[in-house]
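Shared between the two complexes below is chain A, which has chain B as its partner in the first and chain C in the second.
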Partner chain A sequence: MAMSDNRYDAIVIGAGHNGLTAAATLAAAGKSVCVLERSDRIGGMSRSVDLGGATAPEIAHLLYNLNPTVVRDLGLGTKVPLVTKILPTVCLSPDRNHVLFAQGEATFANGAVHPDAAAFGLLHGRLTRFAALLGQMADGPPPALAGGVLDAGTLKEMAALGKLGWGLKRLGKTEMREFLRVILSNAYDLILDEISDGPLAGALAADAVRGAHAGPRSPGTVFSLMYRLGNGGEAHLPIGGMGAVAAAFETAARNRGVAIRTGVRIDHIIVAADRVQGVLLEDGTTIHADAILSSAGPAQTMQIAGVANFDIEAVRRVRNLRHKGTVAKINLLLDAAPVFPGLTREQTAGRLIVAPSATYVERAFNPAKYGEMSQDLVIEAVHPSLSDPSLTPPGLHLMSAVVSYAPFALTGGWTDAARAELLARTVRTLDIFAPGIGGSIRESQVLSPADIADLTGAPGGHWHHVEMGIDQILTVRPANLISRYAFGIGGLYLCGASAHPGGDVMGAAGRNAALQTLKDGVLGA
Partner chain B sequence: MGQHDKYDAIVAGAGHNGLTTACYLAKAGLKTLVVEKNDWIGGATVSRSLIDGWTYSNCSYVCSLLRREIVRDLELPRFGLQVIPYEGGASFTRDGNYFAYLSDHDALRREIARHNPRDVDAYARFSQTVIRQCRFIRPFLLRNAPDPTSMNPRDLSELLFLIKRAHGLGAKELGETLRFWTMSIGDFLDEHFETDLIKAHIAGSGIIGTGLGVYSPGTAYVLLHHYMGDVDGAIGAWGFARGGMGAISNALGAAFEEAGGTIIKGAGVERFIVKNGKVGGVTLENGDVYRAPIVASNMDVKRTFLKHVDRADLPGDFTKAVERFKIRGSSAKMNIALDRLPEFPAAPKGATFLRGDLHCSTSLNELERAYDDWKEGRWSSDPYFDMLIPSQIDPTMAPPGKHMMTVFVQYAPYDLAVDGVRSGQNWTDATRKALADCVLDKIAVACPDIRDRMVHAEVRTPWDIEQEVGLTEGNIFQGELTFDQLLFNRPVPGYAQYDTPIDGMYIVGSSTHPGGGVMAAPGANAAREILRKIGKGKSMPSFAA
Partner chain C sequence: MKRTTKTPPKPVPLGLIETPFYARLNALSRAKSWVGWAGYISPVVLDTVEFEYFAIRNQATLYDISPMHKYRIAGPDALAMLNRLVTRDIAKLRNGRVGYAMWCDEEGKLIDDGTVFRFGDTDFRLCCQEPMFGWLLDSAWGFDVDIQDESDVIAALSLQGPTSWSVLKDAGFAAVESMKPFDWREVEPDIWISRTGFTGDLGYELWVPAAKALRLWDRLWDAGDHWGLRAIGFAAVDLCRIEAGFVAAGIDFQPVHKAVRLHRGRTPIELGFGRMVDFDKGHFNGRRALLKQGGKGQRHALVRIDVAGFKPADGALIYHRKKKEVGFVTSGVWSPTTKRNIALAELNAPFGIEITDDLWAEIYVNQEGKWDKRLVPVTLQTGPFFINDRARATPPRAF
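Now for the complex of A and B:
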């Protein structure tokens, strides 16, 4: 489709899932698109890495929020192969009386009835219903304030808001009131108002804050919990590893004729007469395009597009964005199958949560506020090789752990010693539930938020690029007056996790940004 | 057990809100009775003399939020209320420096510049935003919070008023307003200022009285509860009520009695009498029964319904919502009699800012750590305090040459943790003294001779405040000021307009919209609601902006 090697309708910066979705969406509308990726590998946060011969999920390890519209548009799992397995959640308890939940049903791992099962089911059901309503808003740009509150933009947007309002109304008065009460509230109180503090409450609290610079007591964490549950919240393990996810997005884009160049460093975005003209690469090559969609963070995008091209208010707003990454990624190659007393092998293959109570999660957050890592860590661990033996050499096993809290701005910096300390603390925490696990570690990989920032360009190594605080979502995501993908200069768009609706392996931001670009007509008819 | 006169209305609790409601009911011609459990009136708006010659405002201690519409309408100055503005304030550092918050604009600019020239511009932007937000919110204080789930014309019209006001802001300001209402005071200040000391000085207003930290989203809004007031029309100004905060309650009490109302002191409500879903009166602790078809409770929503109403008289959902309502004790109070003015070695001699609010917190992280202690059931080892010496301006507070100091301390838990057990009973003389020592050590940063100056000190923990005043957990706002407990959610969704599931029964305290602070807005709004329901809505001004 390319008119020439160096002229495209649109350039997409970054070959993560959002960049690839944006590219595929534009290409589906007949546009010629080139994706430029700084690293040598495609996939951003959803890719695989080799660890001692095993295929490990480098950063993200589960899918739970893939946008159904994106799945349909890209044909993920239909036109393009993508197979996943749903994992139940296992809330680990120090007394080994672990709790299991799947689809809102909680039991003890040994099959006994959990005393909070009924209350948990009600709470989970309610949150999932509320989340589904909010989830509808992911498929389009956030509500506009352009003409003040009385102007919701186009009729189509009005209809989307109306749909939300209608959905709320259909919940009935009591549930609608409950929605309006809890929506801006904190997860800690919401959970503990319904169930007693323990591993089940802890797991829910941990889900509410994973990736965020927040503890469960922070107002706004009910929203982040609902965001996670927007598509049901079931955790899917991709068969073939996270690389299979990257490959699926890549194939979907390539099948539509998208060109993807890796290992490409952009010097700057060429701007003339307040419009983007293309990019100049560090190697001196120029690529021309009428639109540029960046899945990099707003500040980086602003840097390469030239800060002087933005109005001072926008610069100030972007500089003030919060993106303090708090999660590290640890992969362990084990030379024996992991043993968690109290769990069957099948249960061990689930999504294991170390968060013995909501109070524990809040306590773990405290040090992160002051640039220190948690003493007692909150962990989400999976053993991909128990579900997909092809990922490891025979006899070996893989544990992938998302570890909180490890602040991006660690006092003293993320040195090798700091990484080793985080690993030691992780093993010490895991050892409580899987005694002796430290002895079976053959290889390990530790990625601090700073490493994740280096690898993927994610600002602050932050899961969502920009913190999903209530003052940085929807109409003010990433910032006031920069919320509908267009980013200051004519033809420049944000298409990554920093744009509405936000992060997770979802793809909605990329799709919405591409649709907005098409709608704005910068690419011609 | 005596049967007494019948009244048209009874108000349970003589706090400033209860008295405000009572005033308006009495002025509308209702035969109104106020019953108060203590031997004095005022609730947490009170002046107490605990040592000869000194007067303590021993709960609330400064005045700004009291709605001027109410002050004027009830002619409170005629009943002795006089609010004297104070100027400035300061935060002292351990290394002998300070940041003075001066009321003279140019002097303040110079003082900020002394710390960081760039923060001078930041301050201009900061105050612009805050004033704009204050202007936005002020008209809502004396209006009902609309129920967004209701199709009732009054709710729709209130909702329309809200939408119109929001629309009037324009796109940019609306976005900024959404952010301001949802962000933390810490993040808000980080966006503006560079200097830790200046940030710390301002941040206190975002957390005072709450169970939140400076980095908890929503605390920027709490700041407004400290800036949206005025003294004689000067928005954001604070003052002392001459003779202590009790002057406010006493003026309200006198206005009420002049309007024909009766106050019974030393007799708290034991039970609200409910029959067939209708309120019939109150039974007092002493067994006396008073009957009235209208009963208003100035007690907080938890105390009212969980302690003084039979569960059987309430719908289960309502009770559950009340149980869930968060009223968290987070602050303590020290009231100190001084034999003379303490020395402030860092401050210039006779500095006027010493007459304002004084602090010794120097960074946002220090304040956040203070919150971390509280979450674990400990008082802050490095506490925040808001300290004033009103006797410098109001000589009635202490004997000649001597002074009175009020110290608001944050954070102190209601249920203190001792050996892993959290309980209000853990507040003993020993723990109270340990808290006081911790606070005094930090006050000594500003005035090293503080201990030598002390003649008497009263230490009030959240537990003590609950026991004496009746506020659940000693929370000064009768309920956390978080999003889930503001506007149409305050105190309970569906009952945010002063009404309750019991016919004829109302709640009129700070548990209701617009919340706490010595504002009297809940009391006035509730009175308007009550009068409207009995067809006397025209007998009091609407105050609607």
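Now for the complex of A and C:
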């Protein structure tokens, strides 16, 4: 192949939503971009998978945090079709007196007034306001303030910080104090200070820690709860399946002229004179580029770029990143519509949370610390086919469940028997709320964190690639001195969930990384 | 990368421990003046500093350097791992050669300096002042290399002085005759000799397994009487290393991993070792920071100075035009051989780089309870204070 065929301004590693967003952003600035994807499918964690003829969400099943700026820039939902439906949250109760909440309002599923409704409304409203303030930080690199007060870039960063400070100030003295009081605190105390422990508190606690190696009593979980509420906190179900999300990102990228190659294995990144030159593929092909943006994890990126090209401290920080995945993904194909006594069919189509109390969630975390899966699981389940019947063959239904806690480093490893055991425990837990559901399972699919790591490359099978802990966010995400996308070697950038602002199907990390690459001038004017 | 221990663990001794040569040193020690060196008992002086100093410059001396930290770095990626660690190009260090090396943190600040001994294509020893095992393990991650801490299992003696070759010859090590400075070889099974040292004089360093240490000592001692061989302590070596212009960790620079306060670290360039930094060899730790700092990023300059008068200037402040304080002496001695008052001093840039004249040292002298202050002129000096061609002559001369 002629060399010119294999020269691009930039190469993006990984065709997940962040990689595609980075590619589309660079292409929109007139750069030629090639996305290289290891697997044969595009979309990373936002893909669909076939399950007995049904279109199931392979890993992620809801959108919470799709970044509005990314949506606007990529034209998602306008120029590029993406239709979503907001789902209410259903907090399942073993006594079938389930609780419902949407847009900060909680009631019992049967319409009765919930005694904690007012307190919940206040708490939810406050957290959402706080989250919106922090959300301002998502659309750019974290501040560095390295240039001194006479540096234009630093002044701009200080202005952004000033805006955050001003926003805090405008909350009023009481609210500002409250923000500062709770920001580093744990979700369990915050929630139970306001509402009594039960399914409503449990659902909030579960939302605070989903995907994390943390229980609601772990420090920093108020922050992770706010992170989830960063864009209002509503859960959006993509119509057409999760693959529609991947397709929307892919279309946005392709419309801008991005080349996407799947099934491509990179042998290594070619480096000369401390600058990236391109990549050598395992099949011997060389692709040249002036910049490489990697949505793979920091350690994987270091390894393909050559550990010797990084400073020892940087390698040590990356080795010590926390990314213990704790959630498994289970898809069930049901041969009858699911029945949850106490819920209408409309309510059953909501986001169902199995977390009867905050204490239950904390206890469920305990075994995970010691490499065991929880006996009593915390589950977030949706029935996509109830909202979008086109996803399943007639008469069949789909349940997609995010199951905690299932630690990446399970004692004994993730064998078929371990997966079967997790499935059995999941069905046993669901059976409390939907008696007999086990009998209607036609097909099932279990992805452990180890499977998710294999499928997507996510370190530790962690949904955010790097745990969203207070020590691994903002200026220290993924680690100190590598928080502004540039990654050691000239022209190399991190653009995935491990970079600021972090994980979830959000796209902001990809966009920010691409903008930083353009700003640094490695691709010329 | 695992440290392997063959003997069962012994109880950890309290306090300083004895080196493999301690029995001989203790028997010879009249001064009973000891200092802790990396956890070992080490002599400051065994007899008198004057005797020992002049023995280095006129006879031959044995100094126990067993407390030095020694690390074996071996494996297919040993060269690549070392080249990413240190600032010079180790690929240019041939088998059987020894090279001085410096290594920096990610900010380009010196962690430590030391010597790299190349056994073969994939086998090295790093010898240095500061404990470095943890840092080496960090450095080795991602490389196919095995790191062993040999500090406790390899004993070492520094044989320095104009008659040191004669001592070796009479001790049966005539094979070292053809060795050039910085050569090193296994002269007998388990005895490695390098033509290296810390005195700027003719000298050798001998490396043996700890169990064979005393046998080596006795062999040298028996051969040495005729050549004026003396055992010496640190104080005399320190005089000689300043004469030779060598820097010492913790004295002339602060090893950055040990420094607690901000901005105590210094780059090799600031210490006057720009020639030790090879920007063209590929990435090494701190390279990007050092490049970014460039020439104008040099905030300090460690310089050799000649100080007027004869009062040692250790710790003296340096002034420009007798008014502006611009630095201080890190090591200052009266040099008995050159008959000069010499020192190493750290000056704040641009002093010592662009501005080198009108510098003054403020020396405080305590004369039997009465303090006196002297402001004396300072002259910058390039090259070592002590230099003698016997140090480099190959074959070496008898004395």
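Structure notes:
The rule we apply is simple: the second predicted complex is superposed on the first by the 514 of 525 C-alpha atoms of A that agree within 3 Å, B and C clash if a C-alpha of one lies under 4 Å from a C-alpha of the other, contacts with A are read in each partner's own complex, and residues count from 1 in each chain.
One rule holds in what follows: a contact is a pair of C-beta atoms (placed from the backbone, for glycine too) under 8 Å apart; a residue touches a chain by one contact, two chains touch by 3 or more.
The shown structure was predicted, so the numbers you read here are calculated from the model rather than taken from an experiment.
In the superposed model, A:D193 lies in contact with chain B only, and not with chain C.
Once the two complexes are laid over each other on the shared chain, residue contacts for A:R217 go to chain B alone; chain C is not touched.
Of the two partner chains placed around the shared chain by superposition, neither chain B nor chain C is touched by A:R72. When both complexes are overlaid on chain A, the residue A:D274 reaches chain C alone and has no touch with chain B. By the touch criterion defined above, A:E178 reaches chain B but does not reach chain C.
Legend: residue contacts after superposition of the two complexes on their common chain; A:K163 is shown touching neither chain B nor chain C. Ranking chain B and chain C by residues of chain A touched puts B first. Within the superposed three-chain model, A:R322 lies in touch with chain B and out of touch with chain C [touch as defined at top]. Residue contacts after overlaying the shared chain place A:A308 against chain C, while chain B stays out of touching range.
Shared interface residues of chain A (contacting chain B in one complex, chain C in the other): 481.
Chain A makes touch with chain C in their complex at residues 274, 302-303, 307-316, 319, 481, 488-489.
Residue ranges of chain C in contact with chain A, taken from their complex: 80-81, 83-85, 105-106, 135, 138-139, 141-143, 282-283, 285-288. Residues 144-150, 173-174, 176-178, 180-186, 189, 193, 217-220, 320, 322, 362-363, 366, 369-370, 469-472, 475-476, 480-481, 483 of chain A touch chain B in their complex.
For chain B in complex with chain A, the residues that touch the partner chain are 148-149, 163, 166-172, 174-176, 178-180, 182-183, 187, 190-191, 212, 215-218, 317, 324, 326, 365, 368-369, 372, 375-376, 482-484, 488-489, 493-494.
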